[in-house]
Every structure is written in C-alpha cells, then in structure tokens.
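Across the two complexes that follow, chain A remains constant while its partner is chain B and subsequently chain C.
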Partner chain A sequence: MSGQGKGIWDKLENIPREVLYGILLVVFVIPMLFPLGLPVPISANVRKWYATIDALPPGSVVMMDFGYSGGGEPELGPMAVAVYNHLFKKEGIKVISMSTSIEGPQLWDKAIAEIRPEQSYGAQYGVDYINIGYIAGTETAMAAVGKDLRATTSTDYKGNPLSQYPIMDGIVDATSFDLLIVYTTGGDQSEGWVRQWYTVYGTPYLCSVLAMMIPTMLPYQNAGQIVAVTSGAMAGQMELLVNVPARGIKSADVITLTHLLCVVYVAIGNIAYFAKKAQGGK
Partner chain B sequence: MSSTLKKTIPVAIVAVVALLVMMDYFIVTPPVNEAGKSWTSTTVRDLQNWGIILTAFSLGFGAVNLFYFHSKHISRRTPDQWMFSLWLLIVIVIFTVVGVFYGPTSTSYSWIYNASYFALSATVYSSLGFYMTSGLYRALRFKNTESGIFLVVGLIALLRNAPAIAVYFPVLIPWESFISDVLTTSAQRGIMIGGALGAISLGIRTMTGRETGFLGRLTEEEKGGGAP
Partner chain C sequence: MELNLVIQIWMAAIFTIWIYSIAFRDNDFFKFAEYTFVGAAAGHSLVYGIENLRRYGWDNLMGGAYLYVVVFLLGILLYSRYHPQYFWVSRYPLSVMVGLGIGLSMRAVVTAEFIAQIKSTAAVQILGVTDPIKLVSNIIFIVLVVTTVYFFLFTFPKAHEGGLGIIPKIARYGMMAAFSYSFANTVLSRYNMIFGRLDYIYNQWLPLPGAIIAFPIVLILLVYAMLPPEKRPWPKKA
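Coming up: the complex of A and B.
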C-alpha cells in the first residue's frame, strides 16, 4: 500500500467542513437562480389536504393558526400562501386566522402581502377573511377560543371591534368552524390543537409542521385525529395542485439536489472508511 | 410566612382549579343558562381567560426582568457582556417605542421586524442545514450493525424526501411509509404514552401537594415534614 493512497482515503474520510459547506452552497444557489424544473410527485398527504379543502361547501368557516416563528417562515410560509390561495379560489369560504405564536400577526401580514386577496380574488378583509391576532397562553388560548371566541378576544389584530365585521356573524365557539388548519414550528401547538379542538369538538384538523416534526405528528394522523400532516417542504406540491407556482416549487429543486449531495457525501465517507480499513488503517 | 400561606392555600387553589377544568372536560353537566352552558363551562371559560391575561402579563414582566438583569451588566461593565446587554436594551426600546406609538400592525413596525429579527432568525435556522450536512457525512458510517441500520434508514429517508428521486425510484415510497407509519409511529406512541402517564402522575402529585416545585423554594418542614 502506498502512503499517498492512504493519504487520499484519509482526506476523503475527513473532508474539511469548509469544503462540505462550499459545495452545498453552490448546489443550493444554482437551482435558486436557474430553476431546473425537476419532477415533483404529489404525495398522498398533500392530496388529502387538497381534497379536504376542496370538499368544503360554500359558507364553510375555517380557523387557521399562524403558529410559526420567523425562523420557520421559509419552510411554512409558502405552504400557508398556497393553502390560502386554494381557499380564496373556492366560492364562499370564510377564513378566520389567529396566532398562537407571538410573531404570527407579522407573518400573516407577510403571507397576505404575497397573496394580495383583494386584487387577485376580490376577497375583502372582514367579509371573506380576518385575523383576530395573537392570543397568549398557547394551549389555554386554543381551549378558550374553542369554548367562547368572543369572550377571549373582542378585537381583530388591528384593535378594531370584531362586531363590525360581517365575517364574525354567528361565530361563537369551535362548533362554528368546519375545518382547522395549523402551521406551526412548535410541538405544543401542533399537539395542543388535537387535545383542545379535535378531542373536544371533533373539528377536522389539517396540520403543517417543520419536516423534522413529522415523526412526532404521525401517531395522531394514523389514529385519525389529524386528517393529514404535511411538512412545509411539500409546499411545492400544494402549489402545483392549486396552480399558483411560487417559492415552494422553486425550493423543490433545491431540496432534491441538496438531498442528493448528502447521499454523495455519505457514500464518499463510507467508501473512504472501508478503503482505509482494507488498507489496514483504523 | 406560615406554611398555610406558602403551601396549603396555593395547593388548594391548584387542586380546585384542576378539578373544575377536568370536570368541564369529562363530565357533561346540565345546561343552566340561556346559551345552554353549564356552570362549569362558564367558570372554566373565565379561568382560561384569566390564564391568557396572566400569560400576556408575564411577557411584559419578562421584558422588565430583562431590563433589570442587563442593566446590572451594563452598570458593572461585565467583560464580554455589557456591550451585548446594551445592544439588547437598545433593540427592546426601539421595538417598544415603534410598537406603542405606531402600533404593532403599522408598516414601520413590520419594516423593522422584517429587516432585523425576521431576517436574522430565518438565517440562523437555515444555517442548520449546513451543520446537518456535515453531521450526516460524519455520522452515517457503517461501523457496526447499529450504525448500519442508521445508515440504511437515513439513506431511504433522504432519497424518499428528495421530490425528483421518488419519481424515478417509486419503490422508496412504500419503504419509507413502512419506516414512518409502522416503526417510527409505534416507537413514538410508546414515548407519548409514557410522557402522558408521567404528566398524569405529576398532575396528581401537584394537586395533592406532593409536588411543590411550582411554589418556589420551600424548607423541608414546609414541604411536608422532611421525611422521604
């Protein structure tokens, strides 16, 4: 065995992180600048989400929780925008949003600025959609809104009385809602809604979380407590179904290429490890 | 202060409130008011709203506490700390002033949020991707049976979650579904049920005064005698 050969396997087994990061950055930036249009299959859970919203009859009322923080916005924001687009495209659906995350109102504003409901769909604030703002207390807030929304908050996120908005007519408690949609970066929120709304009122519940939270939410989905769990990384699939391509579909190329790069890194690491071992190294 | 004030009364309040909330959750009592709500329902509604108010108050209290804590660092010129404390207080003041005078839904507030906190927090979270990539490269090595299983499962999950790869290798979909729906879910259920049993046990101990951590520091005598 040559000393040079051993050196090569040694180097491949311990590639400096600067090199790993540099290649990752290049693989990340190229598809962002020049989208490759790689195929995006629609997963069963995204289809179930879409079908659940599509089956809502006119006049249905949806509660939406913007329960994510700024750090999770790049992942969950595109999903929230795609789903909002779907809801606005449907006739006569009312969407009432709240936030169990303190940053929620700002992130809701960001999503609405992207959708532009007035210009794109002729939807009106206070008639077709509204935001009742951040309600402190996480699970206590969910329980309180479910029990008596008007007793919990009497104003929207701008501080205007809820009584002045037609969308709030007849909205009393959780039984006034036909569907619950939650985007969240927190386990307290995603699991709390199961305990405080699904278990008590049986409200159908769609949940979108960070990809790494999926395993913790699957037991609820498999038990039928959540209709479907998706990760924000599936936003591209939702955008394809809703036919409003945006940030999500762009990131699908990035996800494919970066995952492939990770597989290549793992393969290099293992080949180097075994080659070194075969040469008698440790 | 007597043990009654420090322990007995707080524990009694916790026990009564917990029992009321549980009654409302599990027992259907006859409607008593015109809205068809029972007395437990209306009482618990009020308790929940108190909880929300207290949580909101604690946010403000936390900000005051931050001021107190970091002001001490600034006044003492704590090395490698005081300038960060000063910066933190400046940022709090800017956000508070803009929020109070222009409103938290104003364009000014949104601008400083989007230009500072949002951009930074998204960047910090996104940078995890780099650490994870480096971690994968170093951790997924076939060194023994356990790490071999870890490697195979990791590769299946990686490839399945790459959208385009799943199109060309559809066999990955049922494999990953089996790992998620059967292996992961069953393990996760065990963890969740264990955690829930622990929470029930903690709740009972708290209601009966055996768990006093939430009361702050108590002497052994105040805790209930000092005997194990």
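Coming up: the complex of A and C.
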C-alpha cells in the first residue's frame, strides 16, 4: 500500500514537461477561441499613469523611449499603443520618440502602424509626433539627449534633418520636456533615466517595464523618483481607460486562466513533496 | 496585402512554432530557427553599428569636427586585443569607456540610489496611520528592512546563533517572499510573451490563404523531427 502511494507521489512530482507544456498550451488556446470576458480591475498605478497624462496642458512636450526589444514586444507593445492613443486623443500634445534599444525604431513603426495617427486622429508626422531614432550608448545617450538633443542627433530615424520639422522648434534639452515616458525591457534603461533625467533635471517620469522588473522599479516610485510604474501586462487596463480595446484586453482571459493553472501546478508539486515526506521519503 | 508582408508573416509564424518546440523536445527545426535568429540579430546589430559610425562619427568628422579622429583611433585600438603581442593597447580605449561610464553614472547615483532610497525608507510611518492594511504593511516593511540589513551586515557566526538566530530567520523568510514575488512576475511576463506569439499565429498567419493547410504539416514535420533517428519510419538506415 505504502509502496503504491509512494509511486503516485513520485509520478506527480515528476510529470514530464511535455505533458505540463501540452496542458498549458491547451489552456492558452481555449480562451483565445472562446473569450470568457473575465472582469479586468484597474490598478492604482495604471490610474495614476492615466491621470498624469490627462493632466498635461495643451502644448506639452513628451519624450518617449521605445527601449524594448522584439522579445518584449508582446508585453510592452500593447501598452505603448494604448498610451500613444491617449496622447493623440488629447489636444496639442507633442510626442518626441527615441530608442535606447537597437530594435526600437522598427517596433515604433509597428506601434504607429497599429495606431494610424493620421487616419484616426489627424495627427501629422513632424508636427504632432516624430521619432529621432536609435541613439547608441544607453545611459550616455540619455545624458547626451538631456544635455543637448540637437548635438546628439541632427536627423530623425529616416535620416531627414530635424530642422525641417516644426515639432522640433524650441526643443533644446531635457528642460524642454514636460514628461518622460519609458517602455523598456532593460534595467539599465529604466534605472538610467532616473539617474540621467529625473535626478539631474527633475523631469516627471512614467515607466512601463516587463512584469518581472516591477519589484526592482517599485522602490523608485516609492521614493517619488518615478510617478508610476506599470508592467506591460497591465496594457488591458490602460486600453479600458483610454477606451481603445486592443491586444492587451484580449490577453486578460488567457493570463488569468494560465495563472490559475500555474497555481495548480505549484499545489500539485507541494502536495506530492509533503506527502512523500510524510511517508518517510526524501 | 503586399507580398513581402505575406512572406514576413509566414516566416515569423513558422519560426515562432519552431522556437517554442524546444519546450517539448530538442529538434533540428528548433536548431535551425535558433541559429537563424542569432545570425539575423548579429547582422542587424552590425548594420546598426555601421550606421552609428556614420551618423555620430563620420558625418561629424566630415563636417569639420576633427577631434573625432581621436574617437576613431580609440575605436580601432580596441581591435588590438586580437594581437598576441600588442593586446595590451586595447586597455587604453577600454579604460576611457569605463571611466566615462562610471563618471556619468556616479554624478547621479549617490542621490538616486542611496539618498533618495534611504529617505524614502526612513519616512515609513507607524504612528498616525489610520488605514489598518497600510499600518500592517508598514510594520512588516520596517521589520524586514531591519532584519535583512542585520542579515547582511552582521555575518559573524555568533550573530546568527541562539536567541539572535530569529533575526536572520525572519530576514530569510522576507527575502524568499521577495524572490517569489519576482518569480511570479517573471511567469507573468513569459506568459504574456507566449500569448503575444499565439495571438500573432491565430490572427495574422492563419487567416492567410494556405496557412490553415500548412499549419498541420508544420506540426507533423516537427513531431517527426522530435523522434529519435532510430524510431523514424523513414529514411531507413542501410
């Protein structure tokens, strides 16, 4: 009897990964095919982020860093799109984007293709928004742009002179910006902006990172160096607030169910471990 | 839809399936996708590297900023590390890079990483807090900060024995809770990434003509590639 029981716990502790991933895949696919429409509560940080952008007066200039890589796009892309939609909905906000990630310009293109600012909001490239491209050096890039943007780069990401774009009139350094928004998959970037912009110039800073980076970034928010930290996984909440449902909200059902499965996996592992221990196993 | 976009979507979808197949078993399709990704990433970085040289260095040099000659020279010297006799020369440009990086981050690191964080930690209150959840949270925060600092500062054995042993024990539990919070968030990130790719396959690739037929073929070939060579029905070894 005891031997048979021990066998069961052993099997439960060593379920083949093919089985675990197979079940996970099924749990991913089911809500994609049949959406459940589970409720999406909006967290305090997403509300704070939204309120910060909402409070921007017309004529404000926002610096946005597309500092994420292709791997982080599924998480941070929807957040970037939702926030861009919010900025375009507001009157008279100028958005200047740059990238501290080498893949940033392509991912910016992808986000803009989703938003379609010209068709959806009548926004014009070079007048309401612009991308000054990838600027190498990570923290040195942030410092250089903060000190003198024109000396760092004289062209946009297409190689056209910045002087031909009206949006760049009066843009000199970090003090020309009313808000800094950063999406990043790298700790060097998210913390670097605190050091090079918030600490030196006091620019209000909103930061969106991978969920796994949240514990590292929350102390900066608690210390008042960042207005609000969100993870890309909260994109659905932002889409609800901005009223532009897209990829983020679609992931809500899937993320909820897969996490429930993860909890079940953890519970099975622990039950098997303690049951074996109770039977005198190791 | 433009042909180049169609090709892009087909490649992206099939490579996604090949890459995620490693979760089940190693196979040649995964290896092919992995090496292609590494090669493409290296090529992309090289192109951007050359573009950066032109954008930030060469254009300035040609524009009359002759001091950039020094920058180019330092850059070339970095490659001396491949020379068995003159490898030491590469230390000079490296020291300039490291010095520049440290100097730049140090100007703000004391304020951003130490003073602001210590001020914020010291400002946590117990007295006068009316919200019971906030009060409990603040008490836990203070206890864990004190015990964790004790854990790392007082490392001599006697500080971790007897009655004092409770302090590092609380710190260990606190740290484990923090690590598990990080781990849970990591799982959330990874699941989001998987969802992003599945959503791409479902909404971008499968609606394309022929994709619904190609999808099972890709899966069958993958399963076949995962079989050990001796178990494959074809080709038979002579």
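The rule we apply is simple: the second predicted complex is superposed on the first by the 277 of 282 C-alpha atoms of A that agree within 3 Å, B and C clash if a C-alpha of one lies under 4 Å from a C-alpha of the other, contacts with A are read in each partner's own complex, and residues count from 1 in each chain.
One rule holds for everything that comes next: a residue touches a chain if its C-beta (ideal position, glycine included) is under 8 Å from a C-beta of that chain, and two chains touch if they have at least 3 such contacts.
Only a predicted model underlies this, so the values are computations on that prediction, with no experimental measurement involved.
Once chain A of one complex is fitted onto chain A of the other, the partner contacts of A:Thr140 extend to both chain B and chain C. Of the two partner chains placed by superposition, chain B and chain C are both touched by A:His259. Using the contact criterion defined above for the overlaid structures, shared-chain residue A:Ala275 touches neither chain B nor chain C, since it reaches no partner. In the overlay built on the shared chain, the residue A:Tyr21 is in contact with chain B and with chain C. By the touch criterion stated above, A:Gly71 is placed in contact with chain B and with chain C alike.
Applying the stated contact rule after C-alpha superposition, one finds that A:Leu12 touches neither chain B nor chain C. In the superposed pair of complexes, A:Ile30 makes contact with neither chain B nor chain C.
Of the two partner chains placed by superposition, only chain C is touched by A:Tyr198; chain B is not.
In the superposition on chain A, contact of A:Arg247 is made with chain C only, not with chain B. Shared contact residues of chain A, touching chain B in one structure and chain C in the other: 17, 21, 71-74, 102-103, 136, 140, 143, 200, 211, 214-215, 219, 222, 233, 255, 258-259, 262.
For chain C in complex with chain A, the residues that touch the partner chain are 23-25, 44-45, 48, 52, 55-56, 100-101, 104-105, 107-109, 111-113, 116-117, 119-120, 178, 181-182, 185-189, 191-200, 202. Within the complex formed with chain C, the chain A residues making contact are 17-18, 21-22, 28-29, 32, 71-75, 77, 102-103, 134, 136, 139-140, 143, 153, 155, 191-192, 194-196, 198-200, 210-215, 219, 222-225, 231-233, 247, 250-251, 254-255, 258-259, 262. Chain A makes touch with chain B in their complex at residues 15, 17, 20-21, 24, 38-41, 69-74, 102-103, 105-106, 109-110, 135-138, 140-141, 143-144, 147-148, 151-152, 157-159, 200, 211, 214-216, 218-219, 222, 233, 236-237, 252-253, 255-256, 258-263, 265-266, 268-270, 273-274.
The residues of chain B lying in touch with chain A in their complex are 25, 41, 44-45, 48-49, 51-52, 55-56, 59, 103-105, 109-110, 113-114, 117-118, 121-122, 124-126, 129-130, 133-134, 136-138, 140-143, 151, 154-155, 158-159, 161-167, 180-181, 184-185, 188-189, 192.
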